[in-house]
């Protein structure tokens, strides 16, 4: 269960959000919505534990009732998956090498599962092309393949649909649906209408 | 244990990348050889004079080669977002960074040490100093990598970080330079050098233990907001 | 196992199970109060004028005494008087590095804003003092050593110290976010503190032309009392000058960092 | 134990072990003589090889300075009051060079046990006193090594 | 004329960026001083020896400083896409590149030349060589910038290009190094040095005219597909 | 008038397109459509004159009839504007500085026009914030502001809607519409449905 209390963050003399509260539990899809520059990415980075200059608390509890079940930062990193504007795909590695590394940062994985994930992302043909030869959408798919290999409870996705073609968008919709059906939580931003997803809770920033 | 998987993954990627990228470690060696050659040209080929200078020249060159290699250590990962993912790994960053630094230290030190006897002989150093030259490089270069990594972490966000890195890091390189050059000179002149090597080793051990702390802090602060 | 847990709870300053008083002491709440920029600003408003007057007095007496009254040296004649600038600046520039590094450590560990500002303001002052020490040493070197620059241990380590300062300044300038640059400079100056003794020892061992210590704490000094007293006065003056400069610059730094807050506005309107 | 604390403990133990090892190595190293600066006594004791670049230092013995008439050749004796070292030098001496004053010479030892200096630096001693005091001391037969 | 606007725009951006980025040109100067210091430490403080080596040491260091500055010349513009836009500018690329290179040459050469006398004196070089040292730097460093830019253009696409650049460029630096060091040594020893300076000047003029051609070709290559 | 004849391009042993022909004149909006990795970006780069290993011809004529009116490459660069996946926004310059430079590469411009363009792109407040502080969408807006300051006939836009919020998308639609009404040509790719634009010719790749 993710709990955000009285989050407040300012950047360059502009208050991005103030007294921001949010509680979400298993099965929630939260869409953070806002205009360009309203602070969505900043919020997601704070959730993921990357940004530090904010006030307020962000916590993840195993159970909603016990206050003591709050997990430690390292445990939280194992439970969460952050995918930002930069896709963390190294240009001189192949998709498989990138995927293996990115996955193993939080979850041990064997190669066959990674290969299957790439195939599901329609990257079967490009398995051993260096990533700087890939198109923008294909690079994004490499980054997204991690959703299939990592066992995270909380997904934090910053504009994950960028550069994807319509087949890719559909696929990602399915993945998200699957994740929440399994009791996971998805927090995402996007400027697209999320018509393909059921039960999205929109939070305006 | 999960920690081991992560460390192994980090190491595997490190080696893969260093193989892929125009054999970066080999380039360090070429740099080493070329700059020593430039000295021979710039100073004039008076062998006797060069022989006396050789330990100092070789060591200053090695130091620059290390600085150049280290500059790229985190820069690319920062640009493509891999660094943020590393910071979000489910393991103590101290050990992850330590693993990377050790891998880099190995990749940089060994080729330099291997090629150094050739250079030393070209510059006319006395043969008695050769084994100690190799040893001093194997002990000293890793220390330089560790110290340099601190600077690299602090300057990773800057467009033209290379020279800033030099300013931050080169003053800190002085102790290594002094003891390493002194060890080689002593050995070449037939004197005892164990003391200097011990001090180099002590510096190495200290650097291994402490520099990851500073590197982690340095990397984190680039993601301060 | 229990022992390790106690140990960890001590080093991580976990307060569960500790008494409230101990917790307060460990969390240094008093320390934070005194560390607030606002408290410091108001406190220094009261103290600074007195300090400045004291500093001026010491420097004035010291300079007159050193330049006009103190005897010249039996070997060096009047060029010896450079001593009175060189030695205080050299010593304080070293002390200044530690001031900077300790402030850096405090800001890094306790996230204290005041310490952060002090650290950043200490860097240029220290660099300036180091430069003066180098320059006065060089000027002194010409008549005494016959050359104005030698690669001697102390001289070389002073040069390195200068670069350490310049590194901190350059790093500070490179960031545009003050909190980022604060952390970066703190890390760098802490790395420097580990290294300064190493650098000093290594360079010291390397080669020595510079004279050994004249002013000694444990044995009697090898300087004539007539020369020593003005030195004491002028050194005290330089220490005060350092303090005054640091406090004044810190006040400016505070204004720059906090100019949007209510209290700064009200102070500026007064 | 909490995994986070366990890792923190690991780091601390690791750092402590490293510091201990470093301290041990340093202690061992400090027992060796690693200085290339030699007083005349050490040279006399044969600790320096012929032809090795070293630095030596001490006081210039009173009355030992012989300057050549034709060129810049100088010859003087450096002493640490335990042993003497004859130094030959070809070049301009620094202004502060004087008998009974500290000096540092860089160069090498020749076959005949004399020192061939490539550089002479006047080393200023750490004594500061007014001229009158120095004179008085001189007359009372003390050296400038006097203590206050 | 549109051409002038474009060239002015390119120059303005160049100066803006060099002011913004951690005062990169000043860092070059610090690097220069630091590395000379390292040489003194590595080789030993014997002033007479250092004095003789000074021209060579200073010039090799200057050469490295230039190489480090030049490495960043196009790298960032490549990464963020500015370089493709430059290649699509409505003006002959030759002159645009030439303008950039000249600006860089100025920004790098002048500070180095200004600080060099201090270093020369610290290293104990004879004062007679100083004016020629400054002149040789003012003539030679721009040549090095031009040549280095060719390497920078060719390696702009590589992750760890810095050392590869060294490998490509340092051999090409040899002629400049030889004549520049020779000029300074001659001057310091009281011999004639006009010939060497003339050759440096000739190299400079050639580099100005030819290197933009190579740089443009090199930059285009990176966008081959 | 843009004329593409028998364009053929292969990458890493894959034929991206073969015998590709396209002719378009004043007022045309051409959308190149295709799945991720189908070669859209490659095609646009060829049009812009960036990529070189292809066969076939790309030409721009002042008038459709006269064969001799084909313009020279430099003239073509003045007439065209390419905006790729990388936005060419330097991180340590301000939006205004970036915009001025980017514009002046092809068109002389005075500062007031650039400032007005930034204002129209809703970047008025961030005029002198360094671009690395800007959000993804704001950076994209800086790049797009160039559409307002450059006088080009042919726009080549590779996924220009990326990272824009819905207001931004509408604005860009207007700009495109305006450009073609003035007799310009727009060639673009996107994975979004272009419902807001009238008269789009779709070319499947």
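Letters are used for the chains, namely A, B, C, D, E and F, taken in the order the chains are written, and counting of residues starts over at 1 for each.
Convention: contacts are C-beta pairs under 8 Å (C-beta built on N, C-alpha and C of every residue); 3 or more make two chains touch, one makes a residue touch a chain.
Remember, predicted model here, so these are calculated numbers, not experimental data.
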Mutual neighbours - chains that touch chain A and chain E alike: B, D, F
Most widely separated chain from chain E, with each centre as the mean of CA atoms: A
Contact-richer chain pair [A-B vs A-D]: A-B
Distance-maximising chain from chain C - centres being C-alpha averages: F
Chain E against chain B, contact positions shared by both copies (same if over half, else different): same
Distance between the centres, which are taken as Cα means, of chain F and chain A, whole angstrom: 30
Rounded Å distance between chain B and chain F, as computed from the means of their C-alpha atoms: 45
Inter-chain centre distance, chain B versus chain E - centres from mean C-alpha coordinates, in Å: 25
Residues of chain D engaged with two or more neighbouring chains: 7-8, 34, 36, 53
Contacts with 2+ other chains: residues of chain E: 17, 21-22, 27, 30, 34, 41, 44-45, 47, 49, 76, 79, 159
Overlap residues in chain F, where contacts from two or more other chains coincide: 11, 85, 91-92
Residues of chain E that touch chain B when the two form their complex: 17, 21-22, 24, 27-28, 30-31, 34-35, 38-39, 41-44, 49, 53, 55-57, 59-60, 63-65, 68-69, 71-72, 76, 79, 158-164, 166-167, 170-171, 173-174, 177-178, 181
List of chain C residues in touch with chain D within their complex: 1, 4-5, 7-8, 11-12, 71-76, 80, 83, 143-147, 150, 205, 207-209, 211-214, 220-227
Interface residues, chain C side, partner chain E - complex: 147-152, 156, 159-160, 163, 166, 170, 173-174, 203, 206-207
In the complex with chain D, residue positions of chain E that touch it: 44-49
Interface residues, chain C side, partner chain B - complex: 108, 160, 163-164, 166-167, 170-171, 174, 177, 179-180, 183-184, 187-188, 190-192, 194-195, 198-199, 201-203, 205-206
